[in-house]
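Have a look at this one.
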Amino acid sequence: MSLSFTAEELRFRDEVRAFIAARLSPELRRASSLNVSFFSDPDIVAPWQRALHERGWVAPGWPREHGGPGWTATQRWIFESECAAAGTPQLSPMGIKMIGPVLMRFGTSEQKKFYLPRILSGEDRWCQGYSEPGSGSDLASLNTRAVRQGDHYVVNGTKIWTTHAHFANRMFALVRTSDEPRQQDGISFLLIDMASPGITIRPIMMISGDHDVNQVFFDEVEVPVTNLVGEEGRGWTCGKYLLEFERGGGVNSPKLRYALEKVRGLANSGLSYKAIMLQEIATKLSEIELDVQTLEFLELQVLSALQRGENPGPVSSVLKLRASEIHQAISRVGVEMVGQNALVEETRRPLHALKDRPLIPEEVLSVVPRHLNGRANTIFGGSSEIQRDIIAKQVLGL
Amino acid sequence: MDLTPSEAQQMLRHSAQRFIAERCEPTARRHAMQDPMGFKRENWRKFADLGWLGLPFPEEVGGFGGGPVEVGILMEEFGRGLATEPYLSTVLLAGALVAECGTEEQQKGLLPAIINGERLLSFAHYESDARAGLSEVHTVAQRDSHGWTLYGRKIAVLDAVAADVHLVSARLPGAQGAGLALFLVPKDAAGVTLRDAPRLGGGRVAELTFDHARLVPDARLGTGADVLPTVQSIVDRAIVALSAEAAGMMRSMFDATLDYTKVRKQFGRPLAANQVIRHRLADMYVECEEARAMAARAALLVAADIDSTQRSLAASGAKVKIGRCARNVAEQAVQLHGAMGVTDELDLGLYFKRLLVFEALFGSVDHHLQRHAELFGNSRAE
Amino acid sequence: MSLSFTAEELRFRDEVRAFIAARLSPELRRASSLNVSFFSDPDIVAPWQRALHERGWVAPGWPREHGGPGWTATQRWIFESECAAAGTPQLSPMGIKMIGPVLMRFGTSEQKKFYLPRILSGEDRWCQGYSEPGSGSDLASLNTRAVRQGDHYVVNGTKIWTTHAHFANRMFALVRTSDEPRQQDGISFLLIDMASPGITIRPIMMISGDHDVNQVFFDEVEVPVTNLVGEEGRGWTCGKYLLEFERGGGVNSPKLRYALEKVRGLANSGLSYKAIMLQEIATKLSEIELDVQTLEFLELQVLSALQRGENPGPVSSVLKLRASEIHQAISRVGVEMVGQNALVEETRRPLHALKDRPLIPEEVLSVVPRHLNGRANTIFGGSSEIQRDIIAKQVLGL
Amino acid sequence: MDLTPSEAQQMLRHSAQRFIAERCEPTARRHAMQDPMGFKRENWRKFADLGWLGLPFPEEVGGFGGGPVEVGILMEEFGRGLATEPYLSTVLLAGALVAECGTEEQQKGLLPAIINGERLLSFAHYESDARAGLSEVHTVAQRDSHGWTLYGRKIAVLDAVAADVHLVSARLPGAQGAGLALFLVPKDAAGVTLRDAPRLGGGRVAELTFDHARLVPDARLGTGADVLPTVQSIVDRAIVALSAEAAGMMRSMFDATLDYTKVRKQFGRPLAANQVIRHRLADMYVECEEARAMAARAALLVAADIDSTQRSLAASGAKVKIGRCARNVAEQAVQLHGAMGVTDELDLGLYFKRLLVFEALFGSVDHHLQRHAELFGNSRAE
């Protein structure tokens, strides 16, 4: 057992560092650092994705045959760590980590050939149509209907919490194609062109003032039958596969470390009245540091199992649970440190494009919105309560 | 020993509840928050009509002689309804300082106008390199034959945009050494710059810059004693009042969550059918009760004739205990609302943000915990 | 509203103080201070109860007609506070606060005349026969049977967690006298002489080494029918009344304050290396102090309602929940403060009667056993989980 | 980067698991705990036979050249079975100090006898007015022509009653100033008094008093350098080893609780049917995994070639993180067992007490958190 990287791995790390140093402009770095949402704004993502695409590094987890770099698990770890440490923009996972893997597994060869390259190039921007107003944690109870008429499905209903629907040109969605005794059995997986007539988008504002999520309405929207992924009525299988990917596929500790370093930087600066001098702040930062170290090691254990070709098992719920809690702890201590500067509410977005000087320094400006948006960490993508249910059931066999 | 509210106290609560129900229902409140002043002037006039603006002032100057308990009752109801009127800044901070430190003339000139709602005041004290200690003031006032000149910058000035007069703390260089003084600065005084922004969860907040700001000779509040102990006392009382407000906000968040979890269904049954959620609601309920108890206790103590150490212990204690409870209730309320909880479509987020303001105002929970430990240790050691 | 005592109340407080000063000997105070169990040992209790009995102060909550002092709620509060602050021995609640009130409410006049004075004098020492090995939180499922034969019930079965059964000469017990569709309906409330043939007691040792609780076996034990309290089959009503008393009747904050003061004393002494100098200890003590203040105020609110003749409602679960948690917080910080002195395990009892000098100072000796026994605070008398169930149901209407 | 255990590491774990299953099942363990020495000597011989007593020593002195990772594997299994053998005191503390500081002669004289199980050592360092800092030593050793004389008192000496030799830290007055030295004190040396007591959750603990205790000239360990840095290093390594042991204990408590809540019925269904209990078990499971990860991480780091700051950070970090997790798992395990959990009828209480010992040994969790914050801040500032 060893925590050290091999010489080869160290060479790879240097290569990644050199790439980032060359391609991440100071403007892009600043804009990315001022991003307060879950995902970076498209205008930040686009130039960075172009740079990665030129190098073939857009989708670290994809196999070579589909345009991935064919990296080992350790290489992927190194890449994610270096990107996080440098504060690069975060590419939307909805194409690369969600629909991409689903298509590789369940898609027809036409679907793969058409969609996968467009994900890598950034030509397609995807959103996810899962939750509905009455079906949040209880996803299988969804009600959006797709009725087959000739070579089209006609879709009626509504999806909610649709992140970046207002930027996306495509949606993958779970829809009900029949009523079966077991709710899961009547669900199908459809790819929907967001330009289709009959789609309207209602923005949902976050308490921070951000516009990330939306409600999407479908009124007699026609979707070609060729846009069905997998078999009709078997969409739940694709959906579950994707959810597993959403929960477990992520490597979170490097991003948490980046967030923690930012807060630590604040603690060491006059912007927080040098809060690090206070024992309670210094020890809180140490406690969070230890939580990040622990999560990091748990993630490395998963990676090590993957590298050996083993299945790491249902550990993804553990990782999601802890990552979301740590994320909130980081943003919370940030708010504590900035004192009465937390009183100022800045709802204009994006922060990096503000023209006038805000009332509080730029480094402080993102602290409160990040904390507010961070409340969603333990809710979106399977709430902490759902994760504990899963651990009790799947890990502990209860 | 009797914790039964008096009839007058019950009436005060009822009238506050009526006001909140009529003028702070969600639509009206959102509307008030959009006002450039952060509140509606007609509500302020209503405050005056109801006698609230004079509540804590002595009867000699036209007030009603109420104490921390009565102020707590009002503030708790303001918290429940998330009122955005500048009661804290005009009445409980600046007004109280005028009443405590002002000359008879200054009191007569200002208090009746505050009480009848004509004039609004802000209290400009904190500076950008001060953490929470009230003595960290670098703004300077220089005396000459024409009056005073002020230099400095104040941050986190609550509701300054609506104020006619800013009450500004400053140091006097020279003879008086470490002493702190307060100055009445008219909003349109030369050399005063105001930069205003929305405040988290409602109201406004500003930065005030004094660059060679010229003031008349009697702009100084009072007769020359160091005002720091009085500022400390008034801020402690403000913390106690804010504690009651926080307890009211918590209760509203709890009630909303209880209702939501009864109605909202997942997996074919209400959220509240889940034992984990039931227990969490039980804990939130306990915390709401604890917060309310601690706010009432602090108000009763401050109303009694206690020394300054005991007063500071009561204020810091309330801030810590209620701060802890408030954080958990606020976070759990959002969590139990699920995705809806993080959107601006409910009012929950406004309460969440206002409770962050409670945490941030006048020193963090950790600051007050440390202060409590120091004062408590000292007072025991005697 | 006022937190101050009236002049009359202050006079009463002085009277109580004078009594304690006169009657609580230094030996008794030391022995009481070294007591680590829930209840004081009988050899500590007996002399103190005699002193109280002479003054008519054994049962502060009892009405005058039954030998109580007829105090107001405030007087009771003052009395409890002063006793706790002085560290007097704690009288067993099982006679005074449990069976006494039940007999006053449900007993026959013969039962009242016979038993109540013997509770006050200390001639009778009671224990409670409620829980059974299969019926803990789910009390109504109890199985100990009482079958009527002529003018006797014949009792068979077993009770567990019977505190001080080995010191008691009487037990009040819930027994099953018939099988009904609703389990509660077949339960009766019996008074059992512990000297009856057929009773055996098995000690159950605590993890601290203390012997407080027992299992009691009944093998054909004869109990006169006159020892039935209330109607046959209606014992659940008496039992519930008593549980309410057990949970809500108590005033806990004065005892918690006494425990906290002891720990604070330790923190200010060399025995904890003057732990109060450490910020984390000083702030922990402040946090607990604030918790005690809060509980105290909640208890005073209840008292104020009682004084007005109002029913304070189902608040007793809130008080029990918080008091037990605070108790544990106090004992825990004690253990943290004594450092490596916590390593020494002293299981001999009672601590005040140890003949040889133990390895660690006397003031430190009780810290760990108290922490170990304190784990039962959130379990006995209705676990914290049960209290939260009750709050959700009875207070929140869920 | 590869976290797969080697084959040798897997074999070591299996042999430890076999030992625990055979010789540390509950009855045997209770029996061993009643022994006046706190453990069974035949088990110690078995330790020798299995090569565990030589595990961390270099091959030159007859050891097996194992590192912190291998020690961690043993300790984790010891923790699972709550073994009471004095492995920590004899091998990981005193033995390691002899190996690090002893002269070649001292090493040759002691290490083989430790490795073959013939001799036991204790490490006597802490004193009654020392909190956790390892430098707070007041015991004094005076040199004269006949050898050394020792004055002082040591507390919390683990397993001293079974030791043939005590390794005692002392200050040297005079020329050498602040330096710390270690002395080999035979158990029957004149002027040495041992008072022994049971240790919480198994094993023994003693107080050693040295009143004019006479020692031979070569009783001093090593060649004269200040041993404080080495003591610091060995204690850090001991903390890392104890962390693995704690992770093992936590897992056993968790397993027992999971089993119990599946079987124990209340209100007609297993306890584990309650969502509140299911979620709590989920959290306990996560904490067990976290503790195990953190112990493994610390062992791997200390095994690698890191500087003393990084080593101390790893040790303090493990103590803090595992201390927090252990407390919660231990408390919840007792709570979920209900009344049974607080009785001595189960072994749960023994684990609970041993985890208290883990918390108390070598400085509290708070102490190590503070130490981590200081070292981490410093190391970042460089």
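A, B, C and D are the chain letters, set down in written order, and residue numbers restart from 1 in every chain.
What we mean here is this: a residue touches a chain if its C-beta (ideal position, glycine included) is under 8 Å from a C-beta of that chain, and two chains touch if they have at least 3 such contacts.
Given the structure is predicted, the values throughout are model-derived calculations rather than measurements.
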Practice task
Have a look at B-D versus B-C and report the one with more C-beta pairs in contact.
Solution key: B-C
Practice task
Please identify which chain has its centre, taken as the mean of its CA atoms, farthest from the centre of chain C.
Solution key: A
Exercise for the section: Go ahead and note the Å separation of the Cα centroids belonging to chain B and chain D. Expected result: 53
Handout entry: Centre-to-centre distance between chain C and chain B (centres being mean Cα positions), rounded to whole Å
Key = 43
Fill in the blank from the handout: Averaging C-alpha coordinates per chain, one finds the centres of chain A and chain B separated by a number of Å equal to 39
Practice task
For chain A, write out the residues touching at least two other chains, lowest number first.
Solution key: 279-280, 283, 385, 388
Fill in the blank from the handout: Note: chain B residues in touch with at least two other chains are 274-276, 279, 369-370
Handout entry: Contact set on chain B toward chain A in their complex
Key = 126, 129-132, 155-156, 158, 195, 197-201, 205-207, 265-268, 274, 276-277, 331, 334-335, 338-339, 341-345, 348-350, 352-353, 356-357, 359-361, 364-366, 369-370
Problem - Residues of chain A defined as touching chain B within the complex - result: 131, 134, 136-138, 141, 160-161, 204-207, 209, 213, 270, 273, 278, 280-281, 335-336, 338-347, 358-359, 368, 371-373, 375-376, 378-380, 383-385, 388
Practice task
In the complex, go through chain C and note every residue touching chain B.
Solution key: 1-6, 9, 74, 77, 264, 268, 276, 279, 282-283, 285-287, 289-291, 293-294, 297-298, 300-301, 303-304, 307-308, 318, 321-322, 385, 387-389, 391-392, 395-396, 398
Handout entry: List of chain B residues in touch with chain D within their complex
Key = 274-276, 279
Completion exercise
The answer for chain D against chain A in the complex is residues 1-6, 9, 69, 258, 262, 272, 275, 278-279, 281-283, 285-286, 289-290, 293-294, 296-297, 300-301, 304, 317, 320-321, 324, 369-370, 372-374, 376-377, 380
